[in-house]
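Step one of this worksheet: look at the structure below.
Every chain is named by a letter (A, B and C) in the order it is written, and numbering of its residues begins at 1.
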Amino acid sequence: MSNSDVNISRRSFVEKSATAAAALTIAPGMFLHTVAEAKPADQAVSSAVRWGMLIDTAKCASGCTACVSACNTENGIASHDRPRTDQQWIRKVTLRDKQTKHEISLPMLCQHCEKPPCVDVCPTGASFKRDDGIVLVDRHICIGCRYCMMACPYKARSFAHETVDNTVDHQPRGKGTVESCTMCVHRVDEGGTPACVEACSEAEHGAMIFGDIKNPDSEISKQLLKHGGKQIRADLGLNTGVRYRGI
Amino acid sequence: MKKIHLEQIEGKSTGYMGLIALLGVFVLGAIGSMLYMEHEGHWVSGMDNQVVWGLPHVFAVFLIVAASGALNVASISSVFQKKIYKPLAPLSTLVAISLLAGGLMILVLDLGRPDRLIVAMTYYNFKSIFAWNMILYNGFFVIVSVYAWLMLDRTVKQYSRYAGIAAFVWRLALTTGTGAIFGFLVARSAYDMAMMAPMFVIMSFSFGLAFFILVLLASYKGTGRPLGDVVVNRLRSLLGTFVFATLYFVIVYHLSNLYATEHHGYEAFILLGENGGETYSNIFWIGQILLGSLLPIAMIYAPGVKNCRKTLAAASILVILGGFAAMYTIIIAGQAYPLEMFPGMEVISSTFFDGATTQYSASLPELLLGLGGIAVTLIMIALGIKVLGFLPATLEDSVADPHHKAE
Amino acid sequence: MQQLNKRMHNTLITIAGLAMLAFSAFAFAGEKPSFAPKVPHPTNGSTECVQPEDEMKKNHMNYLLHQRDQTMHEGIRTKTYSLKECINCHVPENSEVRFGDDKHFCSSCHNFTAVSIDCFQCHMDRPMEGKGTQGENPHSAHTTPTANKTTISTDVADTSKSVQDTKEAGNE
């Protein structure tokens, strides 16, 4: 375990010290593409865009938690060493098919549904979906009833069970409210990529692709067209924005 | 049938004062627990990211469901025109309002941000059944209060029947809404069933009546007022019917789940205690079925106990205990059973307890908060019968029974 | 005797009430009474806020609330009325002062007027490391690659107009 950690950090060190041109070749198309789409700060998000992710379980390395660490650092999520009540926005899950014994590893996070059950059940409207498909909690009006956590089929939400004392200024979080993956909305609004996707790419796995699934020219749309992308619990008809290959 | 006299109780005895003081201690305990949980955060409770609704919600939902059921007696009298229940109708409204207030207090004090109650009252998402419930709860207070007023004030008494019908319709909506909170949860194996709503309605009849019977017996015993067997035996057989009906719904619920292969996992968990469900299965079989249903039925219908009040009181207590067990099974066990996210796959590893059964154990603050809710209910009833004439001065058979023949 | 006591008591309460009224009228008369808290100005030489000081004193909460909902729900991330930028400009980086202390920019008035806010139960009450603007021009520092100075100034006009609209709508 510690051995692989060393490898990862050495790898990312090498990358970070590399030139910008080198960084661009590591993630071809992706960064260039999203920068071109950055919206002006005073413009509201529009439904012409739908942000999504495609996760390739074949490329996702079992034991690698680069996406989880990146998310925690980016959003100021710290463990209190109480796993039952600690917040988790993204987690790694390893699965085995009961019949075939085939094993896969994948990151689970908010699936950013088109028809999110958490939004349906929220009594105050704190749980909502932006026009560009990102599902968020407006913690200004969240009363902490946790009904959304009952409703979410993906266990994607966490309740802030104790005082949060390490917030970062772009991601205010606080005790007594519910939170979940924001798809790094603060980065996305400025033309960036979610921290987990970036970290996966930096760790040279490239298992996660982020982009606009309504734009046929985006990398994610091309990949989806070519290889498809399945939904977890597609039977619920939620039309998730996060899709998987190899499940 | 003689005229009914409604009369306040004196409420000055040591027993009465002692009762209020004792209940007050429980209320303080609940407030203390709330402050502790809010200050430290919910990690000090037994609740976590797996079981997000815990013992407070068991108490709260039980009381809210029972509130609707406690209105039964009034409904039967005004909607279905059964004269024998008429003298009890005002008391029935008081018990209903008090139960709802106790339940809501727990629910509100357990919120992550109870300080934002005003937000809950001003921001509504009308697609949320939870938001509808807030309207239903508040409406219940208003409608049932008006109903009580129309019954107690002689000058407007002729309108009380209409208010009674409105209250009847409203409380059916309320329990339907409460059941739908669970019935509308599409993702979880234990929920996602339209039957939840009518099942909650039937449960409310049973739990609410059991609570009402206890209040009636206790207040007549405490005040030494005469209470005839005719009224008591009518309530006894009514309770028996409701306990049967509840059991029927529980059986149909599990039969439906047993038929669908996708729910076999949950049924093995709750019925057989497989996959870490031993405790929950025991609570279901021993608490809900044996103590909460079969034993009360036996005690109600056994020969030779017809006029025995102690047996009826014991049966009512068991129905209430069974009600708590039922809520525990629905709310806690329903969440403890893992979400079926990847059908056909088993979880090898996860840092977030995917595929793992949660062993919930309630903490003391949660229990105190729940007991505080019951204390609030009882205080409201005790004060109510002291301030206003909710309680008939006598319910002797010669007064209460419309078919009584003078000997 | 008892009656006299009661009368005394009532008189005292009336006097206290009048005094408080007079005091509040004085404190909010737009002048600067010496005992009202001084708003800590940025130390970067900037003397102007995003709106005139009187307007900010009266209506900062409306600007903030408006911006809050726009940012949260529409992804509008202009800096002019963002709480983060208030803090970046008015609270020195690495400041030891925390919200709640009388010296904190927000607390200085909020403690005085006893208006409690819960912003800082989640938001940072000081600039994040490397993000403070003390010592810089507050506005030029916030330009993003896509939003230059021109867009910011139009945004000021637009947002203040819509804040006005909201207020008018609220008055109806």
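Quick notes
The definition used in the following text is that contacts are C-beta pairs under 8 Å (C-beta built on N, C-alpha and C of every residue); 3 or more make two chains touch, one makes a residue touch a chain.
The shown structure was predicted, so the numbers you read here are calculated from the model rather than taken from an experiment.
Taken pairwise by the contact criterion, the protein chains link up end to end in a single open path, with no chain closing the loop. No other pair of chains shares as many C-beta contacts as A-B. As a whole-number value, the distance joining the C-alpha centres of chain A and chain B reads 41 Å. Each chain gets a centre from the mean of its Cα atoms; for chain A and chain C, those two points are 35 Å apart.
Chain centres here are Cα averages; for chain B and chain C they lie 47 Å apart. In chain A, 175, 177 are the positions where the chain touches two or more neighbouring chains simultaneously. Interface of chain A with chain C (complex): residues 38-45, 128, 130-132, 136, 138-140, 164, 167-170, 172-175, 177, 185-186, 189-191.
Per the touch definition, chain B reaches chain A in the complex via residues 38, 40-43, 48-50, 52-53, 111-114, 116-117, 119-120, 123-125, 127-131, 134, 181, 184-188, 335, 339, 341-342, 344-354.
Of all the residues in chain A, the ones that touch chain B in their complex are 68, 80, 82-88, 91-99, 103, 108, 117, 119-126, 141-147, 149-155, 157-163, 175-178, 232-233, 236, 247.
On the side of chain C, the complex with chain A involves touching residues 68, 70, 72-79, 84, 87, 121-124, 127-128, 131, 144-147, 151, 154-155, 158.
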